[in-house]
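Note that chain A is present in both complexes that follow, paired respectively with chain B and with chain C.
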Partner chain A sequence: MINEPNSTFASGPSIKIDGETIFFSEGETIYEVAKRLQKNIPTLCYDERLEAFGGCRLCVVSVEGIRNPVASCTTKATDGMVVQTAPPEIEKMRRTLLELVSSENRDTQPNPLSGFASQELSALVNKYGARNGRFQGAKSGTSNFKDANPFILRDYEQCISCYRCVRVCAEQEGDYAISVANRGFKTQITTEFDHDLRDSDCTFCGQCVQTCPTGALADKKALRSAELPEEIKKTRTVCPYCAVGCSIDLMTKGNKIVGAQPAMKGPANKGALCIKGQFTFDFIQHEDRLKKPLIKQADGTFKEVEWDEALKAAAKGFARAKAKYGRHSVYGIASGRAPHEAAYTMQKFIRAGFGTHHIDNCSRA
Partner chain B sequence: MVIAENDLDLINRWKDEPAPLLPVLHAFHDRDGYLSDEALRTISKSLQIPLADLYGTVTFYHHLSRNPGGLKAPRVCTGNICCLHGAHDILQDLKDQGSEATEMPCSGRCDTYVPVLQGHQTLSGTTAQSLQAHPSPLPPDYPGSYQEALFAQIREPGRNSLKNYPFESLEKVLASTPTQIIETITASKLAGRGGAGFPTGLKWKAVADCDRHPKSIVCNADEGEPGCFKDRTLMDYDPFALIEGMIIAGYATGANRGFIYLRYEYPETNALLEKCLAECYQENLLGKDVLGSGFEFQLYLRRGAGAYICGEEGSLLNSLEGKHPFPRNKPPFPVTHGFEDKPTAVNNVETLCAVPKIIQNGPDWYQSLGLGEHAGTKLISLSGDILRPGNYEIPIGLPLKTLLYDWAGGPLEGRSIQAVTMAGLSGGFLGHQILDTLTLDDPCIRSHGSFLGAGGIMVFDDTRDMVKAAHDAMSFFAHESCGKCFPCRIGTQRLTERLGGEIKNLSPENWVTEVNEIGETMKTTSACGLGMAAPHITESLQKYFPEQVAKATQNAFQAP
Partner chain C sequence: MSNPLKDMDKPDTIFAIGTNMTECHPVAATGLKKALKKGAKLVVADPRKTRLAELAHLHLPIRVGSDVALLLAMAHVIVSEDLIDGQFINERTEGFEQFQSHLAEFTPEWASKICEVPAEDIRTAALWYSQAERGAIYYTLGITEHICGVDNVQSLCNLALLTGNLGKEGTGINPMRGQNNIQGAGDCGAVPANYPGFQPVEDPQFHEKFKNAYNQPELDLGQSMTKVTALNLAGDGIHAMLIDGENTVVTDPDRNHCQRALESLDHLVVIDIFLTETAQLADVVLPASAWGETDGVQANTERRVQRLRAAVTPHGDSKPDWWIISQIARELGVTGFDYQSAKDVFNELCSLSPIYAGLNWDNIGDGNYQWPVPEEGHPGTPILHEDEFKDAKPGLFKIIGYRDPAEVIDEKYPVWLTTGRRLQAYHTRTQTGRASGIDYLLSEETLEVHPEDAKQWELQDGGFVRMASRRGEVILKVETTTRSPRGTVFTSFSFAETNINVLTGSGYDPITQTAELKVCPVSLTPA
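The block that comes next holds the complex of A and B.
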């Protein structure tokens, strides 16, 4: 309940934020408490699912009695604290920080298809009127367009070294596939020995893409549709692949499905997806997709038929096989994509229908 | 024929000790001359560190080589002072001779320039032809009329062998209670001599008051601040004072283990400390039952791998633990959540070396060594354009000009002092305008916007280009910025570019605006001391040498 906006505590320790007194519970950070007050403290390295990192320094706030501003994301609220979230001198430094970050990148306006959080930097740059062209100098990060994987674009010239990708990979996914190489301005997101992702421990779950605030890591498949003129529409649905029930937002342009993004508040997945839910939606509108049943003819060709005819043909085939080879000649495998009820029906069909225990589920494989 | 130790031997030698990653990396690095992919795979598997993490962390350290032959390739110190003494010529000459020589940041030998690290040997000389091994210089004979504490016996021959070091303070301590020891240290007003100045007694008490175990004492011997080489002298000539100080710290706080985190660039010191520790274990000064008192203290030596940021205590602890050496967010502080998240006292070499002296002579004696209301002494590493560079032990509060002119002989003949740095480089420059009025104590130095820090003072005479000196300094900070926080990672780079005149279409007015805006943001929002301190360079440059800045920004920086 700590993270729910508007939730308040009736008593206990309290702090004063921009003149407003608010109760908090032990362990909450200034940032978390301020969020309950609808304060829009800017951040770039923050992802509420991850341990606070304190790298971008945009969330610094002034605290009475402390000389330098503190990072609100890593500083715990203490009783009696008096906090200013946006005094003019801090707002000015936020703009300077945004101008510095913009100066190390090629541009700050990535395509929104890049990923869920991809607009964070551009939104802040616009909000703060951070002027392009200030603090010019060397650019940081070396893009790795050679990485031939079909899913994740690695455009590190757009990277701002917030390490959200590295942290989500470790803390959420437990893969530890990517890490931070070198130091300072030469910092570079890397894999073991700087190999391609497919030769690393990466499972292509795409969480690094979705948490990236600049589009440095981007959804290659979605970007195929970058040129389509229509607006992006997001439709909340459930991933059809397995029975976990991850919430996803299917992205469409016109009538075309162009990508999938995890729902950050999806009760089953909280922003996570696997490679299938994240990247393999092409079949939906693929030209080879079967829309009607086919029956194989004597000459090897397939004939399109209606469902009734197809089911009759299948039943006949099963009956023939059972009569000729016995009841154990049949083996059923339920799809991992089927919900419990369908899997139950499937085993009933095999056990009661044929009289055999030859029943399995593909999830076991 | 030498039979190389196999992987398993190397791993097994270290894997059951605390903080095994650094020694394991060094073991493979030493055996193979570099860190191969295969070595990293083996280490990753044996120590259960994800391979990508390990690879990233290895690339963080300057001195771990990933190329065959890398360990042996000479590294030439291109710190500020060595730059004044031909470091770049030596580097070029070595390269011309066909070696794979590379630069290294200030390696803490500003008293024997120019140091070149070759494998685990330090050579020095002012030309590539004259490079040879030199012993670490002793502090010059005491020139003052006050009293030394830490250096009082350091010049005694053989002080660094166990038979000449009595461990009298330790015996005294073991007969007292931990509370008494902490009270003594508190009463002496000893404060952190690494630069932060936190009262040592208070730090120890905080660790002692914590009821979480095991606790640790960590000696910060990562003397990485440019222009600082005092800790090396202490460890080279009075190593048992450090060991004794650490055992006492352990006894006072209830810590049964300690670590010396030594910077990579001191290989000779590393070898000496290894030997000293082995002797102490043998003589029961370390181990399960220190001098039969029932108190256990295990002391481990860990060698860093080349990273200034590891002198920051959070980074140091992460480095010890085998993690990526980013600084930690504070609070919590190491006194409650330090090594492996357990209570830890992190103390500088100089602080710990003062402890046996305080125990021996009493807190009032130590306190009285300072001038006026200041307590105790401070070691100063003095280098650069000065007649007698070296380490000096000053009473805190000593006038700077006494040190510069009376003790160290003043500038070279025919020259005058233009500027000195404070806190190595972290305190920026102090101009000739104020040097006569300055006393060496934090209240006075802070009133000029700087601080004493670890006690490195570099001298620049009137022949030096201060904009270039500032550029060299900022390049160092950019090279050493860890990359965790935005203001420091980008700010040190942008300031270096501006001080080097790399940005051509910047008007002098915009140069000043940008430099000051970056500096202000770094000072206020950086996550650790590196980013907060680096802008002292640009600030003090403009404050004391506005005409040199104007000349550079109006002329040199505008040239195509």
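The block that comes next holds the complex of A and C.
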């Protein structure tokens, strides 16, 4: 698959990029080799996890001996190739392309909560000074705000037809057995497609949202916090649901968790997530959460107490059981959900506290 | 898992048994789908026509609980057609001759009657798996939640040993664990039979080690007790319990029994983030800080040790589990609980667990290590059993016979019920159920019934059914679907309101005491 970013080859075929010679391995594209040289070739339809598509032409470079510029994301490097990544005529072409693309979009500054890649188009438009509105041509796509699903906003006015959503759905989600027609967005982009996502095979994994470079597909749940004034902060952690252990960036504003984005370099998931990791983080700050320790009263109801009192009551019951029935009368059940530190202290509590192996976890259920 | 997740696109033949991977582990399933795209063959053994089964080149809709019969017959075919990996068997296994003669009677025709699938399909599955360059086995709770869970797993091991599909990229026996840190609970010693790092409590050497480390001269040598036994002894030998973050009453089989057990304790302390059904039975409930609020470590199904980081402050007065447990210990005068942070706790674990010896709080930050990591500087172990098996022992063929499930269908309870999970819900929904938007996709539980069966039993799609087992009954909505085979119905245990575990709990695996949640004879009548 894709090479490690820093891998270098001591020998073998080589190409020259902007004057620098670099070895490459068979099958690498010009884009991949250039990336190892820290070249910043602009892209729009490219997602390193997906097969290159070659649709947007923003990544074109000039190759000596070839008249027309070639798309670097799809063109394989060949021995002796001489490549220029940003000669003036190519930069000009990129700017024109960006003007064209951005003129079709009402809003080239989507909220960063929209998705992982949502800033890509606007960043390039800014970088190339490709201001909006020069081309007043027809706009493509139709928005589908009607879809009542609570997770994914679909605003096809912003769509630039890079097909990253369709491709991530097909390639990363990988449901080849199911026809693409009723699945991804292909039909929804090219034809007016009136169905809600819920009625399709969509699993609400959010991958299409995260790869969209314009915010046409956006994280509806995160955008509910768009108005909060604080900066978005991202904290790298691991999904709390299943044992795949996907890495995610938890997005917060102040002390509020507002959304989650997949970590593209997450060792277990490489940018993938499912509906649980993507959209169900908000249980944490739910009003049902326990705020204070509780002690059961004689009448069976609970009373909120301070930690001190609760810990004393908790300990007293164990001491009493031990005194009355012996040290083998106490049992501990650890959680398969809580972190290591919980499980570790739990088993130590039983083994060090009572000298028994009366400890288990919930794997039996 | 013996092999890493990132290798899931490497096998050329995949044998998936008892795993609804596309729903339970969707991200892992993407790797598998990539393998398919590269041309791998997929064999799925599952009573239901799951999404994964739809992708399969060969689907074996075996009767629930008949896995061992299937696996014995596959082994029979592999041996009788001489598709074994002779070199691997010679160099790295033991007990082959005995196993070979044991297999003689278990023909595909024999298994066909038990599993209710054609003998020819069993033969094909065996041929594909044994002829693979890289054959990988994946399984989940569909294999372990049976009275014969251990037999099932060992039968899978036998297949891998026969064919040498172990210790190489794209092979192995790969259980997909359920909960996020169930692997970690085991790693940390929160199991009756092992200290942290799977050091057996039976072994005098480790007994001595932990007696000293934990400053506990009375520490028992051996004498472990599982949760199942403890619940059976509640009020009669077991009188006080500390339960951390587990909704025992809803997740455990035979809910009524479980509730009675907890009620008969003198003292119950529950640590949790919500006032769950279990917490409601407690004398003291202690509020834990949640994921996203707590620093810590968890290990995934491929033994990858990863950092959890707090992004917000704990809700209300809630505190990390390790802090709460340590404070109770200190109140009781137990020494060794002076931790100042999660880091202190984790580093102590590493110092006592040989498989974590090379790890510490600071070097696991990027999640680059899969244990065992025996010393600092060791790169970790993405593939287990690469050169040798644990403690250099050869792989032992296990002699296993087929047993019926603890309860089988009869006139009174003529239908097989099997249970599982759904994509949008996690376990008892204490978490996903409180995430906004989920109800839009999954708002109630249904019972999946084959349309022909529904007709025969006079059930309506969308109507209600009364489902009873020997332990209790529930009422739930019917959904007719051809995902269910004839004679078998399916539901999940995600909704406390329709608690399926009132019905289950017919038996336990004698070794692991894992409950037989996957098989339960029931009767169905329109409600």
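One rule holds for everything that comes next: the second predicted complex is superposed on the first by the 266 of 365 C-alpha atoms of A that agree within 3 Å, B and C clash if a C-alpha of one lies under 4 Å from a C-alpha of the other, contacts with A are read in each partner's own complex, and residues count from 1 in each chain.
Here is the rule we go by: a residue touches a chain if its C-beta (ideal position, glycine included) is under 8 Å from a C-beta of that chain, and two chains touch if they have at least 3 such contacts.
Since we're looking at a predicted model, the values are computed, not measured.
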{"item": "Partner chain(s) touched by A:A71 [first = chain B, second = chain C, both, neither]", "value": "first"}
{"item": "Chain B versus chain C as contact partner of A:K303, first or second or both or neither", "value": "neither"}
{"item": "Contacts of A:R131 with chain B and chain C, given as first, second, both or neither", "value": "neither"}
{"item": "Partner chain(s) touched by A:S161 [first = chain B, second = chain C, both, neither]", "value": "first"}
{"item": "Residue contacts on chain A - larger count, chain B or chain C", "value": "C"}
{"item": "Touching partner for A:T96 - first (chain B), second (chain C), both, neither", "value": "first"}
{"item": "Touching partner for A:Y331 - first (chain B), second (chain C), both, neither", "value": "second"}
{"item": "Chain B and chain C contact sites that coincide on chain A, given as residue numbers", "value": "176-177"}
{"item": "Residue numbers on chain B that touch chain A, as the complex places them", "value": "37, 40, 50-57, 59-60, 307, 309, 324, 329, 331, 478-487, 489-494, 497, 502-503, 514, 517-518, 520-521, 523-527, 532"}
{"item": "Residue ranges of chain A touching chain B (in the complex, touch as defined)", "value": "44, 52-58, 60, 68-69, 71, 74, 76, 93, 96-97, 100-101, 103-104, 134-138, 140, 160-161, 170, 176-187, 190-194, 200-201"}
{"item": "Contact set on chain A toward chain C in their complex", "value": "148-151, 171-177, 198, 203-205, 221, 233, 235-247, 250, 252, 255-257, 266-270, 272-277, 279-286, 288-296, 302, 307, 310-315, 317-322, 324-325, 327-349, 351-353, 355-365"}
